[in-house]
Amino acid sequence: MHVFETLRGRTRLRLRATPGDLAFEGLSTFIALAVVGLLVLITVILYLAAAESIRTYGLGFLSGSVWDSVSQRFGAAPFIYGMLVTSALALLLGVPVSLGIAIFLSELSPAWLRIPLTFIVELLAAVPSVVYGLWGIFILGPAMRVYIEPGVQAVLGFLPLFQGHPIGSDVFTAGVILAIMIIPTISAVSREALLAVPDSQREAALSLGATRWETTRLGVLRYARAGIFGAAILGLGRAVGETMAVTMTIGNRAAFFGSLFEPGQTIASQIASRWLDAVPPLELGALIQLGLVLMLVSLFINLFARLMVGRFLRVGEGAE
Amino acid sequence: MRFLFDRDTRRRWFDVIMSGATLLCVALALLPLGSILFEALVRGAPALTPTFLTQSSLMGGIANAIQGTVVLIGLTALVALPVGILTGIYLSEYGKNRLGGIVRLFVDVMTQTPSIVVGIFAYSFIFELSLLGFFPPPLVFSVISAVIALATIMIPIVARTSEEALRLVPTSAREAALALGIPRYRAILRVVLPSCASALVTGALLGIARVGGETAPLIMTAAWNNDFFNGLNQPIAALPTQVYRFAVSPSLAENRAAWGASLILVLLMLSISIASRAVIRMRAVRR
Amino acid sequence: MSAKVHVDKISAWYGPKLAIQDISLDFEEHSVSGIIGPSGCGKSTLIRCLNRMHETIPKARVEGQVLLDGQDIYGQPAVSVRRRIGMVFQKPNPFPTMSIYDNVAAGLRLNGVRERKKLDQAVLESLKQAALWDEVKDSLDKSGASLSGGQQQRLCIARALAVKPEVLLMDEPCSALDPIATAKIEDLIFDLKKDYTLVIVTHNMQQAARVAETTAFMYLGKLIEVGRTRELFERPGETLTESYITGRFG
């Protein structure tokens, strides 16, 4: 680092007069600032476009439970609720599986299998959201209706959460699809966290007579817990903003739901499914206001995740 | 249990069970991937007739959607690659200060912003401009607003991957060039950029893979078009939006077409992903 | 005295690379045995073969026998071998997310000890044995990482002692410590001798001379010479040993 700084100092001195240098540094700085400006512009434009809706509904928008374009009453509560429930479901199902994958890839897998398997799991992220949606409509949805949801109901049917007639195009299916879609993110970041654990921790556990699993639990998972937590939060960030696959599987009903086997709507799916049919100006404005809420939610989640992952990365760097 | 197993035996079994469980997790993740690829192949391949591949949606094909995706990716790359790479150059070469930290934070926040929010932005941006009299209203659903949305998604990805690519170039390479008396900007353009070209290509491919599969922002900006590309201020078809329309259609024939279109889309996206991997591998081998 | 650990023609590899070759050696009960040699001579590899830690490295391989009380450890589950033969490493490696108490109790908990009383008793004993009790008795719930380097290493020794091993292997336990901390650990090694069989790897010849009763000298993966420490240092049998202890290489 300091070599570079001296180098910079030296070149500055020697080359201060080169107009090409000044122009190029100026250009790249200008472009970088323009990118910063772009984010500011996004916020300003969203606010302007939603201004009328914000004036009309104010903070009550967040607690309003009706979305009716005829009476022009718009509230975001059912969608915030839908977003929270589907994301929670996605984390509940996706985090254990992702953690299992990360453990297998970093601790247990034979060396020759490691790279190809890592790559294949990453391919899950390369499948476009709309293809997940298509698969959700025609493959996962029917499978959920016929096999999985009745099976879950047989075991947990006494809970209100799992009552009603399974339809396959519901909150539960959307949650499962989201879980699948956040697996590559969570497993990749937690795998990094596990790989950052120094071998001396594994050796400490092994030398006490720990089995491989006990070594993972004692020496690895505990050490990497901040990174794993950050990975889960990053996954949450993805789940919250995911649009197409949810829109195509959640059943699109703009209301609260009591059971996971009922249709619902998240913020993102409500925007996507109503966008082209929205009645301007008020309904469109309300959808844009929903977008503003979504943006703030994901901003908050991602800054929090950065804080967590950043802390574990610093610990990792310090150990080296 | 106590009669059958002593503690060590139980521990060993637990070890086997937990190792098996992690393997099961891998299998659980591969199951949907396998199923998606299998179904896309089995259900999509029969749809791939010459008509389907060469005609527009007016004649029952998806050639217009393929063309639309190529046009959108091309135009987006044209805007986003220079801007993204220049931002990456700024972050890596000039941004080792407070301002650089702020730019990096903003770029990171942008990469994580949900794409549907970006879609709303592009639509509203054009809409507000048209209220000010800059554009005629039809432009709201157009190639231009779609490219604004996609470029907004792609720029931060390219910026971060280029920054990381440039950081891979050792300081000694920069020093060597500067020692020859070459101006700094030419050292960056002639020495630093070429020596991390493959990493830049990987970053560009990652950005393209992300943008090529985007659907929600396209629905909100490009809408759809049954015909081929007919002007920057007109709506345009694209593979992802086509898959969506066919998928939610009540017509069984269109449902089949959805699988055909998604087969092409998936093959396109996977080959871009694999290509970006291959570029990384090539670089590793050359070292 | 009898041989607690008998090493019989051990060879070990990292992938294709031979690290130690055909080593045979005895370690006596209730004594301290030192292993010395220049870095890269295979002394760490040898000690890691004694409790089957060598094989935890990918592509590593071992041939030969190590007899503990006459039974080959390579014919038993590695987990139970490591419980009987504990190990302390070069760099102190306490579990940073655990308290001092939990660090010491970790091995016992693995073995299913749950009763608070038994744990308390074992933690107290082990910390006392490791000469750390007086310094930490009021802060048992603090993180293990909050201690100084020398304290951390003694914590690691206490952690290893808590599972009541018969043999304690130490792989250059003082190489990361300052002289005062080193002196404390050396005193400790002297005290531990009456209850345990100790094997200590060191590149510091003075240390071997201070703590070990017998010393083995290794060079380039081979055992060159082994004998009573005094004799080895005063009347080495091999010229190689002599040049090493007189500082002509190393």
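Each chain carries a letter (A, B and C) given by its place in the written order, and its residues are counted from 1.
Here is the rule we go by: contacts are C-beta pairs under 8 Å (C-beta built on N, C-alpha and C of every residue); 3 or more make two chains touch, one makes a residue touch a chain.
A quick note: this is a predicted structure, and the numbers were derived from the prediction, not measured.
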item	value
Overall pattern in which the protein chains touch one another (line/ring/star/complete/other)	complete
Reference chain B; chain at largest CA-centroid distance	C
Interface with the most contact pairs, given as the two chains involved	A-B
Most centrally placed chain - per-chain CA mean versus overall CA mean	A
Centre distance in Å when chain A and chain C are each reduced to the mean of their C-alpha atoms	47
Interchain centroid distance [CA atoms averaged], chain B/chain C, Å	53
Computed distance of Cα centres, chain B from chain A, in Å	16
Overlap residues in chain B, where contacts from two or more other chains coincide	11-12
Chain A residues counted as touching two or more neighbouring chains	211, 214
Where chain C touches two or more other chains at once, by residue number	79-80, 110-111
Sites on chain C touched by chain B in the complex	77, 79-80, 110-112
In the complex, chain A residues that touch chain B	3-5, 7, 11, 15, 18, 20-21, 23-25, 27-29, 31-36, 38-39, 41-42, 45-46, 48-49, 96-101, 103-105, 108, 117, 119-124, 126-135, 137-140, 180, 183, 187, 211-214, 216, 237, 240-244, 247-248, 268, 271-272, 275-276, 287-288, 291, 294-295, 298-299, 302-303, 306
List of chain A residues in touch with chain C within their complex	111, 198, 200-211, 214, 218-219, 222-223, 225
Residues of chain B defined as touching chain A within the complex	11-12, 14-15, 18-19, 21-26, 28-30, 32-33, 35-36, 39-40, 43, 83, 86-87, 89-91, 93-96, 102-103, 106-110, 112-118, 120-121, 124-125, 127-128, 152, 155-156, 159, 171, 174-175, 178, 183-186, 188-189, 209, 212-216, 219-220, 223, 240-241, 243-244, 247-248, 255, 258-259, 262, 265-266, 269-270, 272-273, 277
In the complex, chain B residues that touch chain C	7-8, 11-12
